[in-house]
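Here's the structure, in structure tokens; my notes come after.
Labels A, B, C and D are assigned to the chains in the order they are written; within every chain, residues are numbered from 1.
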Amino acid sequence: MTKFQSLREAVAENLHDGDTAAFEGFTHLIPHAAAHEAIRQGRKDLTLIRMTPDVIYDQMIGMGMVKKVIFSYAGNPGVGLLRRMRDAIENAFPRGLETVEHSHAAMANAYEAGASGLPCAVLRGYVGAGLKAVNPDIRSVACPFTGEELAAVPAHRPDVAFIHAQKANRKGDVLIEGIVGVQKEVVLAARRAVVTVEEIVDDFEGLHPNLCVLPHWTVKSVVHVPGGAHPSYAYGYYARDNAAYLEWDKVSADRALFAEWMKTNVLGVGPDVFAARVKGL
Amino acid sequence: MTKFQSLREAVAENLHDGDTAAFEGFTHLIPHAAAHEAIRQGRKDLTLIRMTPDVIYDQMIGMGMVKKVIFSYAGNPGVGLLRRMRDAIENAFPRGLETVEHSHAAMANAYEAGASGLPCAVLRGYVGAGLKAVNPDIRSVACPFTGEELAAVPAHRPDVAFIHAQKANRKGDVLIEGIVGVQKEVVLAARRAVVTVEEIVDDFEGLHPNLCVLPHWTVKSVVHVPGGAHPSYAYGYYARDNAAYLEWDKVSADRALFAEWMKTNVLGVGPDVFAARVKGL
Amino acid sequence: MTDFTPNEMMTIAAARALSNDDVCFVGIGAPSAACNVARLTHAPDITLIYESGTIGTRPSVLPLSIGDGELCETALTTVSVPEMFRYWLQGGRITLGFLGAAQLDRFGNINTTVIGDYFKPKVRLPGGGGAPEIATSCGKIFITMKQAVRGLVEKLDFYTSFGHGDGGDHRRRLGIRTAGPALLITDLAVWEPDPETKEFTVVSLHRGVTRQMVQDTCGWTVRFSDRLEETPQPSELELGTLRDLQRRTELAHGGRKGN
Amino acid sequence: MTDFTPNEMMTIAAARALSNDDVCFVGIGAPSAACNVARLTHAPDITLIYESGTIGTRPSVLPLSIGDGELCETALTTVSVPEMFRYWLQGGRITLGFLGAAQLDRFGNINTTVIGDYFKPKVRLPGGGGAPEIATSCGKIFITMKQAVRGLVEKLDFYTSFGHGDGGDHRRRLGIRTAGPALLITDLAVWEPDPETKEFTVVSLHRGVTRQMVQDTCGWTVRFSDRLEETPQPSELELGTLRDLQRRTELAHGGRKGN
């Protein structure tokens, strides 16, 4: 059954050293508050899955918590490169980083296959592309009807998924609106799921029948963290803080500046600061 | 580009003798009016695909228009068997009927694969089940990571799909609400799609962003047929006419009664009768 | 206790086997009645799913079809049919599936496809629908049916969905990880699979039912449990709930155009 | 005609190649500007799709990210990312995809993965994202990039997405049924693949650009069309539309917290 917990409790119970974890969100609804709590709790040797490892994965990698990243696009969206992730890959600072690299299509299909209980995803992908040669997790199957060679990748089955959503009701059912990304899939693919939400409402009466709702029995923990996606955004609540993404490009370019920034903005504060960060957005 | 046409024109242009066609709807939004127009136009040698070939396929089969049915559950929902379809299979009346039989899961996956542009669908299905032995379209692939044997079926790629929906706007975008079934998938899987709708509205302003909408460039023809799903129903417009399904059990039990009923209720009327049939439902 | 019919006993015995934590894939007919009686009595938080895509539905009347409007209107959410079969059923999120049968064998294998030869059927039945994958993807399976010699048969004409196969560890040998048929509730008795052989064994007889009545309506030699019990009779609450539900259902579905 | 920058010329030349019937998979940056200029000038009914799931979007400002709120708010509908890649891209519904490149070769093959060795990269670039399947699933591909010797290279360090491979019928030999790179629009010129060899060939030079300038910023020996033209200059409408769009965009994204 779903627990309503503090973020500290939810992360402590659901994220363990060595876990394979996915903090998902496609530009929208990125679970920044949950990632910062994971950083404060100092988890180690994580394998992180994400289509677009952006600022939060740059931060976790920069803090030395990550041994491996499975991904398809490692950029600061609309800004540029991920400088802490580059430093880890190019210079093994603060530690070396193993990478397993896919295309977006393969990653999306791998989540879909995980949600579908399949061992692998099958897609028409990677034709003529170089990743096949450097990623042994890209294999193929032949269509038994046409003989066409299709790509196959292993399903994503993370130990734990973290997402941010707009609303939960008192039972723990979760509503996601707008750019829904792969959030339904990652929750269904994961063994455990933690959802931070903008708001907890009594019930979902009157909602349109076809919205993206995760029933409470698919979610381990619901945590009320207003603003918890900042500097990403929450459709219906606050806009994207583009300036913060530009700022990250500078902060992450310098190891000392990065360390200082993390101390001030992550290690020394709690999830309650997020509400103030989105005021006026 | 989408054409706004009469039902007569839409069927004449899009359904040809020998076509593989799918008139889809999962209990809800079944395109009865479109099927009746196909009957009036006397199409021949059709291959019909449908998860739940119910009353409309019983009618087309009874009229001798169908040479083959690809299906997963042939029943009059909540009532019993399909008596015209049985007569065709058991007694070759009015002609023999070839059947290709799947499970619901395989049919749903085959539509999904068709919409996804794949040659086949891969699922964990048919384990220990008898259909594998009688349907050569059920094959298998081995997962290249775990070795697990998974079922594979050919993707559905009908020549033409017919569905009924709640609304179209003036551009021809189509909105489907409630039990959405496999309707999005069958339209995207088909070479041509015809949609009958309850209502045509100016635009879709103010709709929730995550509803089931088919853009106009996925639809060949939009036809305004209020009540066009009767005796099935249209969420937000009218309820299911359960009595008509019970009546069908009697009508279809007798060859002469069936012929008479079709003459009175289908051959001798036009799509305009549907609006009156749903009054009071 | 007022009087009750064998059908009512069957439905109520099935309802009792359901719990608040169950996520049920519901079929039309007796399963639908049983699931909703459970929801309206001891298991208010049970999650009911119909294969039309409705998740967490709470109908006030029983649906005539698997996709009645009532199911969607009272559901937590309604998803597409491909999503239902991929994410929810195949994804292993359903704890319990209900199946009915035209023919059933002692190991819980089911035929709803044909009577007679597949290619020259005596009776062409509706077919499997969701059953082949419900039988293997749900955590466990409950079966409800009325007993009759032509229904409970020594050998199926067609294997629509897999139960325990030839018995024993046959499921495991095929790589199936779910429990399969765990309960058979008929109008006469409650049956459970033997832990070893997986053959259905009568564990309780409904009030007034004899061993002979069970055997006379079954096509194989029936095994009875050493600790055979009488099925507890329906309580006032159970019976009242079921009958109210059926009364509301008849009112709602009775006439043409809602009359 | 007012003055214009090479970047503006590139964006407007790309916009002109788009039509009302196109269904475009749009990337951030120049492609996004080009697609929206087309929509606001000669192609009001063009369908724009961003890989975040927004279909038929009509943003009034350019998005900073591929999933800005503006894209969803002005879209006809927004679907999940798996659906986007399965039904819409792989399903073959997209007529045109835009790609950028860190390195591009003469056959339209693209690298956005690494500079140097893959396992010991000099520069770790963001990676392919959607590109590997955009390159093969869209009806055709347009590429926009600024010319530079380190960008237009003789040989890629990594083959992120497939263009025309080694040229000729290489796509067909791999079973790819789409046209692939059909246009390269740079800050200096417009290039089209040779019908036979598929090598990019300069077909028009932007105003004030010489053959030498094109060759000096390209790592391979450039082929020029026999019928080399001058790219028509931006019209008042085109330039005004682009600059208005960029002004609105700066206003919207400029300050922290919307200031």
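We take it that a contact is a pair of C-beta atoms (placed from the backbone, for glycine too) under 8 Å apart; a residue touches a chain by one contact, two chains touch by 3 or more.
Not measured: the values here are computed from a predicted model.
Any chain touching chain B that also touches chain D appears here: A. The chain pair A-C and the chain pair B-C differ in C-beta contact count, and the higher one is B-C. Taking the mean Cα position of each chain as its centre, C sits at the greatest distance from chain D. Centroids built from CA atoms put chain B at 39 Å from chain A. Here the CA centre of chain B is 28 Å from the CA centre of chain C. Chain centres here are Cα averages; for chain C and chain D they lie 57 Å apart.
Contacts with at least two other chains are made by residues 72-73, 78-79, 86, 90, 137 of chain C.
Residue positions of chain A with contacts to 2 or more other chains are 112, 117-118, 123-124, 148, 178, 180, 184-185, 209-212, 235.
Chain contact topology: the protein chains form a pattern that is neither a line, a ring, a star nor a complete graph.
According to the touch criterion at the top of this document, the contacting chain pairs are A-B, A-C, A-D, B-C, B-D. Considering their complex, residues 117-120, 122-124, 137, 139-146, 148, 150, 152, 154, 177-178, 180, 208-212, 235 of chain A touch chain B. Remark: chain C residues 21, 23, 47, 55-56, 72-73, 75-79, 86-87, 90-93, 137 touch chain A in the complex.
Contact residues of chain B toward chain D in the complex are 1, 112, 115-118, 173, 184-185, 188, 204, 209-213, 215, 217-218.
By the touch rule above, chain B contacts chain C in their complex via residues 26-28, 51-52, 71-75, 77-79, 81-82, 85-86, 89-90, 101, 103-105, 108-109, 111-112, 123-131, 134, 148-149, 178-182, 184-185, 212, 233, 235, 239-245, 280-281. The part of chain C that touches chain B in the complex is made up of residues 28, 51-54, 63-69, 71-73, 78-82, 84-86, 89-90, 113, 118-119, 121-133, 135-137, 158-162, 165, 170-171, 174-176, 253, 255-258.
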